[in-house]
Every structure is written in structure tokens, then in C-alpha cells.
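What follows is a set of structures for review.
There are two complexes below, and they share subunit A, which is joined by subunit B in the first and by subunit C in the second.
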Partner chain A sequence: MNIAVNKTLAELAYDGMLLPHPRLEDWKWTNLRVLIDRPYPPRLKVAAAPKEIERLLKRDPLAKLAQARIVFVNGEFAEDYSNLPTDGDVRVRHHLAPITAEAEPVLDMNAAFATGGVEIEIASNIDAPVAIVHVATDGEARTIATRHRVKVADGASATLFETHLGEGAYLANSVVDITVGANAKLDRVKLEIESSSAIHLAHAVITLGANVLLRDFTLTSGARVNRQNGTLAFKGENADGKIAGSYLLSGRQHADTRLVIDHQVPKCTSRELFKCVMDENARGVFQGKAIVRPGAQKTDGKQSSHALLLSETAEFDAKPELEIYADDVACGHGATSGDIDHNHLFYLQSRGIPEAEAKSMLIGAFVGEAFDTISHDGVRDVLTRFAGKWLVNHKEEAR
Partner chain B sequence: MADLDTIELVKDIDVDKYKYGFTTEIETELAPKGLNEDIVAFISNKKNEPQWMLDWRLEAYRRWIQMTEPTWAKVHYPKIDFQDLHYYAAPKSMSGPKSLDEVDPELLRTYEKLGIPLREREVLAGVQTPRVAVDAVFDSISVVTTFKDELAKAGVIFCSISEAVREHPELVKKYLGSVVPQGDNFYAALNSAVYTDGSFVYVPPNTRCPMELSTYFRINEKKTGQFERTLIIADKGSYVSYLEGCTAPTRDENQLHAAVVELIALDDAEIKYSTVQNWYPGDKEGKGGVYNFVTKRGDCRGKNAKISWTQVETGSAITWKYPSCILRGDNSRGEFYSIAISNGRQQVDSGTKMIHLGKNTSSRIVSKGIAAGRSDNTYRGLVSAHRKATNARNFTQCDSLLIGDKCGAHTVPYIEAKTLSAHFEHEATTSKISDDQLFYCQSRGLSQEEAVTLIVNGFVRDVLQQLPMEFMAETQKLIGISLEGSVG
Partner chain C sequence: MLEINNLHVKLADEDRAILNGLTLNVKRGEVHAIMGPNGSGKSTLSYVLAGREGYEVTDGSVTFKGEDLLELAPDQRAAKGLFLAFQYPIEIPGVATMQFLKVALNSQRKARGEKELTTPEFMKLVKDRAQKLDISQDMLKRPVNVGFSGGEKKRAEILQMAVLEPSLCILDETDSGLDIDALRVVADGVNALRSPDRAMVVITHYQRLLDYIVPDHVHVLSQGRIVKSGGKELALELEAKGYAEFTKEAA
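And now, the complex of A and B:
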């Protein structure tokens, strides 16, 4: 490995021996040193034909639901394809904000290589969703890194969509830093349907003020390797945060979510709900940690992760952690893993429903519980359709 | 009714919290401080061990010097100077053969004070009920083993491990280190190199051990470490229930206790292992206390084997302990029931591992952690199913109770399912004693402390019921003592 003297520590972390290894507790189940199979050089310009970009943009299942669209092609802001919000209360600025969170491998990599990003400020109640769409075109293997900052002002409310899709082999590194002010409300939906040979690394830093209502949902179905970090910090009392997600994984896909819910102040409520489906040789990992700091009394924190394994060779690993330093709290977690209930399948088949369809229905019902946390009706419908077709689609692709 | 008894018991407890804190004045033979190959040979020589045992120890020592101390547990303590310890300490009077009449009366008085029945005659006369065979370990040496003759009639071998090395080398050679290998982890390697005594149990095929077996460990000497090694083998179709108890004197320096326990259950065999760990926990400010770094592992090697761990952890300044089950045989079963109570500045990092390898294996984990004072109480556990472990089942429940707002309760479970037919369920809760419950009890005339003891005993009930009868009452009492001064 060629280590140049003029590189930053973060750059070294990426291309040297400093990549996270499984002996680091947080990376126990995701060995990037093995999973990152070849060099993904950063800041590599890849030319993309407009036709190709348009074709990919059409694939975004949420395309019709958002008026305002901010498009990134291969890590660069693409103004021509974007449809910036006209509402005066939404300000979008093309700007690469500095990272404020603590050092972490995904963040380090992003700090070194990010090429584009926006800063979105939401000042009042915005009904129309704002979407950030990331598109990667087919081309040389490379690192595509973006970094966004979203600020929701006190008392404001907004819906934010984030889509990641593409073609070919690339490594996407996406960081978002979200601050939600007092009495504000934010719905965030992230759709990760990257190319099946891509690597997707993400880190979301979310900070909540007092009385905030946060709904956050992530669907993970694309990419060969996934690692998504999330930190949710409660900084004001009476806030309510719900983080949900679903995995729909097949083939040799690997997805790992690491969430840290940090209750720093009293009287906040947090919920985590992950419903993960793994077929074939896929491996799903969920690591959730709820911290209740000294003095954060009256915290109500619940965490649950459930896995549905569809094949003998699928795998699910979970580590739901609690770290509690206050006594007047109600915290708990639940984790389950199992296969499809054969009685349910038999019941549906005895009513004349073919096996594949019956399975799809049961999978839909299983992940549906996580979809129900999304407040936007349109998105819920889109996701339900996506999950309904998933089983048939990936079986066909495999053929 | 049982609850009323508890309150009565708690009332009897005097102000002095740790009642086993006395020291026995007895002349002791110590190994020179420090650890090197010569010390390992010294210990081996003291025990009259054959050459193969010394070689085995030296191999462990050579591995140990290449290892580093584990730091992943959620415990903090100053670095241990392993060269500043005596690795062998034995009462001078203990050089001769071990029959009860020859045991130093000072030692017998110590065990009497601890309430451990060593005199078979008294036990038989009904002075001490019920009948339990005891192996008493004092610092580095086994003082006496009771009821050996009666057990021998049933074919059960129950003796100190040093004796087993001499008398039953074929069994020891076959099984020692087969569950916890020499290089398993830092403390297991250290133990393998310098272990001094412990118990050995072999239950022959199709035998139900006629009485409960137990070992009582006592650390007495200053600046020593106790490294005991226990090996229990239940041959095909046999059953054995084994109890372990531990105490140490009140000292303002830390003592090290690094034990290894290996259980082997062959086809259709069952081992029930219960521990009441009450090492000196240190004083209120966290001065002194025992560092309890223990590797305990059971191997269900045969079909339909069962291993059940029950532990009550109230003592030790630091506990680092994960009694585990390897469920290798088809249809084998592992159980883990735990009560871990921490008060003052105690730190507990304990839990279990259930490793499902065979088909139709099942396991159950019930862990109750109670943190009070300024203590930290962590449950850390692993449940994993190998690809071939079809129809593996696990149920895990870990509940934590916090008393006061200066303590911490943590849960770190790992769940790994590598096959679709493995069904795992895990749930954990953390809460405090509800004000309503407390108020209700107090309005019925109980003092606050009595009410807390009552509620805590209710909280740990599921686990208490798994303990052998004679331990249950003792444990309820212990819970009362451990939580004394935690409220208000």
C-alpha cells in the first residue's frame, strides 16, 4: 500500500491499514478489510450521459411524491436535474459543512473524500416533501462521498426523503447531520436501493431539541455491503424519537446498522423498531445501544429487532445494548429471530393462495409493522408495493 | 410466609455487613512473590505432581506471558502487578495426610465460624442438616473432603484436584483443559499455569450422586491470589448437583481470584452447578475487595445432556464471570439462572454464553441484576446457533433493578442466528422499585429497608427457586445484607 506523506489521517484511515477491523467492538460483524475487495479511489471524475442519468432518476420510487428535488450525480451536485424548492421557507445552499460529530471510521472517510453536499434550512411548516436523490452511474470503481446538513428551525415541520441508487461497482459514503429545533417535527425516509455490487456506508447524526417529534425510517435493500451508523441525541426535554427500519436482503448481501440513542435529558421517549428479512446467503446485523445519562430521569426507551430468515444459510446477528445511569426509567429491548411460521403458510395455502404469494404476504405483514411508523401515506404505499414484489423479483434475478 | 421469614432473617442481621471478614491467625507457608517458570515448578513440586502435569502447566505459562489482559469488560481497576503476588499459600500444619482428626483445630474453628459442616459425625447426628459432602479449600490447599467413603461406595470420586492428579491421572489427563484449554483467555492461562487446588468429581455411568457435593473456598493470606480449578465429569446417564461457596477476610488491599471450572456431561447426564459467591466486596469507598476473574464453562458432550448454572453474586469488588454452555450433543440443554447484586462501589460484568452446535438444542437464560449505591452491574451474554444447529431454541430474559440514581445497569447481549430454524427470543427490562409498591409495604408497617428486601426477593424469585433448598434461605438473607444501607 502506497502511503503518501501529504495525506491526512482520515485518508490514511481509508487506504492504509487503518480500516476498521472486527476486533473493534462496533465492527465485530462487519469486516471492511475483507468486504472492501478492491481499491475505490476517491474524487474520480466519471462522465455520465444525460440519458443515463434520467433513466436512473426515473427508478427512484419516491420520484412522484416530492416536488422539490436535490439531485447528486456521482457525488456532485447536479443543478440541471434538480428542482430546488421555491418556497421561501426552505433554503438550500450548496455547501460542504464540516463534521461536528466524534471521530469514527465512516466519518473519517467522509471527511477526507466528500466532494459535494447541501445545507438545507427549514424555517416553518413545509407540507411538500423535500427529496435528496443520490445517483451513481456505471463506471470505474470509485468512492463517492457526500455530506449534507439539515436544520429544522424551532417550531417548524418538514418531510425529508433520501434516496440512494446506482449502477456498477462503487463505494458510496453518505453523511447527514440533522438538527431539529424545539417544538419542531421531522419525518425522514431513507431508501437505500444501491446497485447490487456497490458498498454503502452511511452515518446520520441527529440532534433533537425540546418537544420534538421525529420519525425516521430506513429501507435497506440494495448494495452488496451496507453499514449505516446513526446517533440520536436528546438535548431537550419531552422529545419523542422513533427510528425504524427494514432489511430486505438476498444473495450475498450484508447489512449492518449501528444505532446509538443518547438520552441526555429527562422525560424523553425513544423507540427503535427493526424488521429484517434475509434470504439466501444474506447476513443482517442490528446493533442498537440506548444510553441513559445520569439525571435523565423519566426516560422511556424501547428497542426491538426482529429477524425473519428465509433460507438455511441466511444469518442474523443482534446486539441490543442498554447502558443506564438513572433509576427512574422504563427501558427495555426485545430481539427475536426465526423462520416463517409454517402454520401461517399452511393456512394461506389451504385457502388457495400459491406458496410464493403466501410467503410474500407474510413477509409484507412482517415488515409492514415498521412501515407503519411512517406518517406519509404515499411513501407507505410505495414501500408496501416494493416489499410485495421483492421476493418474486430477487428470485427471478437469481435465475 | 416465606417473605415473612425473610424479614425475620433480615432483622437478625447485625450492623456489621460483611460477617465473614475475620482473619485466621495461622502459620502459613508462602511461595516467594512473583511468577516465573521456577514458581510454576515450585507449585507442581509442592503438590507432588507427575512430570506431565508440570509440562502442562509450563505450556500454559508460556502462553500466558504472550497474552495481554482483556479490557473489553465494563469494569475499571488499577493495573494488577502479577509479580507482586504469592502464587502459593498453605497452612504450615497441612503437610501431613488429611484426616479430619489431624486437621489444625484453628482451621476447623474457621470453618465452624463460617457455618460449614466438616465433621461428619455432627452431620450424621443431625446437628447439621441436610447432608452435604464438602471439599474445603483454604488459600492454596484443600483442607479436608468429607463423606469420601460413602461416596466411594456409590462409585463417585470426590476429592481435591491435586489428589485426583495423583490417584486418577487417566481421568484428569483425558478431561483437564478439554473444555477450557490452557490458552483460552488471559486468566484461564494464568490459572492453568499456577492453579493450586480445587475439586474433582467423577460420577460413573447411570449413577445418581447420593448427596449434594460442595466446595467451600476461603482466601485468608495477604497478597495472595487464589487459583482454583474444578473439574466435574458426569458420565452417561448420571446426575450430580454441586454447590460452591466463597468468602474472604476484610482487607484493605485487593486480592485476586482467578478460577477455572470445567463441566463435562456425557450422554443423558445432568450437572447442576450452584454458586453463592460472597467474596469480600471492599468497603464503601471501594477500598479492598476481591477481584473475581473466573472462567466457567460446561460442555454437553453427549446426547440429551443437561447443564444448569445457578449463581448468586453478591460479593467481590470486581466480578468478571461468564458461566457458559457448549451444547454439542443433540437434544442437549443449557440453563443459566443468575442473581447479581452490586452495592457500594462494586462492579459486576457477568452473564453467560449458550453455544448451540447440536440439533434440537435448547437453552434458557434468566438473569436478574440489582444495582445499588455507586455500583455498576452489567449483563453480557452470547446466544449463538451454528449452521447445523437446526431447531435450536433460546429464551433469554434479563431484568435489571436500579436502587438509587448513582448506580448503573447495563445489558450487552449478543445474538447470532446462523440457521433459519433457530428460534431466539430475548427480552430485557430496566426499572426501579416502584414508589407505589414501597408505599404499600410501608403502610402495612414494614420499615423501608424491610420493604425493599421484600420487593427485591420477589424480583429474584424465579432464580431463587432454582437453588437447592438449603441455599435458598441463606441467599434471601444475603440479599438483605447486601442491600443494607442502599435506601434513604
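And now, the complex of A and C:
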């Protein structure tokens, strides 16, 4: 459904493709027709100097943690900067796989404009993490779209990192389609630290087989506008999926996550946990929907989102939705928001810890529960340090 | 070391005065006890000295080591050597005790221009101090004060004091909620920190604590000012006669 109105400049540059209207329920907090305030032409080639690319790649906090790195520069696979996995049980193919999920605005845009992607197949227990790094170099405003497919075979296990960063004004559209086979295990960590003038639109389609263990964590701290969709479908019994995330937002940043957890079979466990920190005029949105299909008995689904608002003008909106068509299930949701506890702050300061550092410790404590979803110790440490420095860093940048 | 002169304090958001011209002089090496009934302003005094927000000083001055204490942020006061042992120590979920202690100690050292402690140096220091206070490694592994019993919290406060080695310790009702054994452990910990270079202000409702931490001076606080001062025998007199006698004098 779309509502007939005059096309925006951005829409005209998209060959007339329509952006989602805020009257669509899922898009009411993120009005792309206004937020995408100028044309971002697709398939525009921007030249990038190797030095610039190397400099940006070094900025990836996860750079040293993955031997295997698949690098995309401005939406194109960059073989020269990549370290492809050497293990024969990790197959990487440069290939733009078709979209399998139901139509949706972010997916539609990707289907029309994606320029690069890989298909990764993991056949056994792979300890070494595989990273996909997306870099956008400074240049003309443009749409950069990538699409990847990841298949974790039955009984296999994998750790997947995804980083998105860049410079300048661009719109990044990122789609990943992940299938985890029966008895398999996947740890996925996504880090969104795009340029502060970028727009990041993403959609992750995740399908789980029986007895799967999934741990998925996303840290959202870059981009002026961020919208991330996720669909998690349980297709085999006794699977356990957790999707967690944190926002660290300041200035006028806007981030909106919309998750749909689809329990199609009995006896699966799902957890959604978001711990979001907003400072200054930033706005965070979390929309979580759980569907329990008829017959998906013994479903155990819980959703919670918590916000820490560091200023009076910061905002957080949470919308939980439950659609339950089975009678023997345990589903629940909860949302809270509040500011820093002044008793905590005073206690830390009274022991000699300066205010900014004390606040950073409390931010770290707040997001810690979500960060605990990350199984990889090295990544958890790196991202915890990132969160610990975030407050001081963004205040300095603003100066 | 600490000179409080004619201190008047009210709550920031209402017109109720809590301290009404309090004057107190504490010299190096001295232990002062401040006793008073509920509502006499004991806790307010400790919070104002530590720099908690929510209070407004309307008159008077507080000088600490020759500097205007009221001008300093709470962390600056701590780095200068002031320590408040809280009546109700705060639980901070998600902040590890050891990390908290290390950041606190090194922040203070940094502010004073001293060399920061390395992790092994710090671990050794804490282990040594914790042993003396009967604090287990397990307690140190937990988040700050989380899941501690009342007695454990008070011991943890004294541990922080022993690690941070302040020059002025303010103990706010450190005896409250302690049974006699816990009281002895805490008092031993405090007494071990007595030194000619360190001053202490012990705020308490009951005389009992002063059997263990013997003060040089005792002051009676009533309606926001000191109405009587004396030696340690004053505490016993208070215990025998009750506060009413002294507060009458004040009125």
C-alpha cells in the first residue's frame, strides 16, 4: 500500500520508486520522505584513492579481530582489500543472490539498486570469525546498496561480523539473508558507525532450523538516520534465538529498529533485548513484533527495550506487538526509559571519579546486559571500550 | 584541616533550613564525634561536605586544607582527601567493584599529579586491605555493593576508605544496621586508619560506636547547630540523660 502524493526529489532520483509514507504503521516514526532530504542517485560510481580506503578500513574497531575480511568499497566487492577465508569449509562467492523475503520498502530499494554482494557458505565448525566490512568514501551524495547471503549448514557453527562505516553524505542500503541449518550455531555482530551525515537502511532476514542457537547483536552509533528491519523466522523446533542491540546516539541522530519474530513451530525460545542511550536531541525507536502461529505451542518469547536519556530533549519510543494464535505459550514484553541515576553518579564522584567518566561507567553498566549477548570476548571488549569512550568522544566532536 | 564556620544550609527546592550556623574545627590527627537526634542535620552535614546536589549554602564557609571546599566538585573534594562513608551505600549494578575501585584510586592520583597504579600494584593493595576487613574475593567480584548485606556494605565502605587513604574521613552512621560482631570488624578497620595525619568525623545517633572508635571530641548537634562540645565523657552523659536535656538548651 502506498499513498498517492507528489513525488519527492529523492523519489524522482529513484526512477520514481516510492519511499514509505509515514501513514504506514511501521514507518510512522521514520518519515523517509522528509529524512531523505535530497536525491541520492543509485549506481553512481565514485573514485576512491587507495590511501583513503586504507585509512577508513583502519577505523573499523573489529579490524584486528577477524582474519577473514570481505571488503566492499562504495558497494563494490574490493578483492584487493579483502582477505578471503582460507578454510575450505568457508566458501565465498561474489554473487548477488535474489531476495527471498516478502516485499518491503528497504528490500525493494535494494532489489532495484544493489551493486554487489557475496554468498558465504559455512560447512563445519569454524572458530575464526568472518567479517564483511562496508566502506563508503567521501564523494557525491549517492545510494550504495549491497546484498549478502549467508548459509550456515546443518550442524555447523560460525561467527560473523559486519561493519558499516564511511565519510560524507550517502545512503547505505544493506540487506543480509541468513539461513541457519538444523543443530547449527551462529554468532552475528553488526557495528553501524556510518558517517554522521549518512543514512543507513538495513534489512536482515534470518531463518532458523531445529535446535539452532543464534546470538545476534547490533551496535548502532553512526548515521544521521538509521532504520534497521529484522525478521527472524523459526522453522524448526527447539531453536533459541536472541536478538539484542544498543544505540549510542547524540546530536540529531535518529535510529529506528523494527523486528518481527515469527514463531512458526513449537518449542522455540526468542529474546529481544535493546538497551539504548540517547543524548542531546537524538531519537531512538524500537518496534518489536512477535507472531506465534497456530500450533506453535510452548513458545517462549520475551521482548524488552530500555532507554537511558541523557538530556531532556532526547526521546525514545517503543512499540511492542504480540500476535498470538496458540494457547500454550509464554510471551511478554516490557519497556522502560529514564535518566542517569543521580545517586549512582554522586556515589562514583564522591570517590574521586570525574563526572564525564562516572557517566561513562554508568552508560557502560546500562548497555552491558545487551553487550553480554556477544559470545566473542575480543569483540565484546572492543565494543565495551567503544561505549566507554562514546560520551567523551561525541562531546569533543561537537565542540 | 577542616574549618566549618557559621554554616547555614537549606534544601535547594524548599525553604526549610537544616543547618543554622554550624561551626566546627577539625585538626589533623583528631577524631570528632557528632551526635544528635533524628532530624538534627547530621546527614545533611555529611552530604554538604561531600558535595551532593540538592542543598543550598545560604551563609557561612567551609575551608578544607586552606581551600574553599564548597567551590569544588565532589570528585575534586575526594582527590583532595575527603571521604564520606555513606549511611546507605549505593548499589550500582553493572559496575564491577574492582574496576570502580581502580578508576577511583587512579582518578584521584591523576588529579593530584601522582603516578597511577598498575593493575598488579592495585590488585596487591586491594587484596591486602580486603583481607584485614574480612572481605572475600567473591565480594570483590560482584558489582558495587550489589547483593551485599547491610554489614557487608559497611565493610565495603571501609575497604574503599582503606584503599583510597583519605586525609579526612566522614563516617555517617556507620554503626546503623550492624550487629555487634560486624560493628567490631568495622571499628577495627576504622581504628587501623587512625593516624597523626588523618582526621575523622564520626556521625552517630548512638553512643555504642564510640566504645569502639574512641573520639577526642564529642559535639551535640541540635536543630542544625552544635549546642554542646566536650570530651569523650560527653557521649556517656548523653547516653545517660538522653538528647532532650541538650536540645532544650538549644531552644
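Basically, the second predicted complex is superposed on the first by the 382 of 399 C-alpha atoms of A that agree within 3 Å, B and C clash if a C-alpha of one lies under 4 Å from a C-alpha of the other, contacts with A are read in each partner's own complex, and residues count from 1 in each chain.
The rule is simple: a residue touches a chain if its C-beta (ideal position, glycine included) is under 8 Å from a C-beta of that chain, and two chains touch if they have at least 3 such contacts.
Here the structure is a predicted model, which is why all the values come from computation and not from measurement.
Chemist: If subunit A is used to align the two complexes, do subunit B and subunit C fit next to each other or clash?
Modeler: Superposition result for subunit B and subunit C: fit.
Chemist: Applying the document's definition of touch, where does A:Ala326 land relative to subunit B and subunit C: first, second, both, or neither?
Modeler: First partner only, subunit B.
Chemist: For A:Asn343, using the defined touch cut-off, is the partner it touches subunit B, subunit C, both, or neither? Pick first, second, both or neither.
Modeler: A:Asn343 contacts subunit C only, not subunit B.
Chemist: Applying the touch criterion given at the start, work out whether A:Glu119 contacts subunit B, subunit C, both or neither, answering first, second, both or neither.
Modeler: A:Glu119 contacts neither subunit B nor subunit C.
Chemist: For the three-chain arrangement built by superposition, which of subunit B and subunit C touches the greater number of subunit A residues?
Modeler: B
Chemist: Between subunit B (first) and subunit C (second), which does A:Ala365 come into contact with in this model arrangement: first, second, both, or neither?
Modeler: A:Ala365 contacts subunit C only, not subunit B.
Chemist: Quick check on the superposed pair: does A:Asp89 touch subunit B, subunit C, both, or neither? Answer first, second, both or neither.
Modeler: Neither partner.
Chemist: Between subunit B (first) and subunit C (second), which, if any, makes contact with A:Glu357: first, second, both or neither?
Modeler: Touch status of A:Glu357: second partner only.
Chemist: Put subunit A at the vertex: what angle do the Cα centres of subunit B and subunit C make there, to the nearest 10 degrees?
Modeler: One gets 80 degrees for this angle.
Chemist: Determine the nearest approach in Å between the Cα atoms of subunit B and those of subunit C after overlaying the two structures.
Modeler: Superposed on chain A, the two chains' closest C-alpha atoms are separated by 15 Å.
Chemist: Starting from the residues of subunit A touching subunit B, keep only those that also touch subunit C in the other complex, and list them.
Modeler: none
Chemist: Mind listing the subunit A positions that touch subunit C in their complex?
Modeler: Residue positions touching the partner: 342-344, 346-355, 357-358, 361-362, 364-366, 368-369.
Chemist: Using the touch definition up top, name the residues of subunit A that touch subunit B in the complex.
Modeler: Going by the criterion above, the answer is residues 25, 294-295, 297, 307, 309-339.
Chemist: Flag every residue of subunit C that touches subunit A in the complex, lowest number first.
Modeler: Against subunit A, subunit C makes touches at 50-53, 73-75, 77-79, 83-84, 86, 89-90, 92-95, 99-100, 103-105, 107-108, 111, 143-144, 160, 164.
Chemist: Would you tell me which residues of subunit B are touching subunit A in their complex?
Modeler: Interface residues on subunit B, with respect to subunit A: 72, 387, 400, 402-432.
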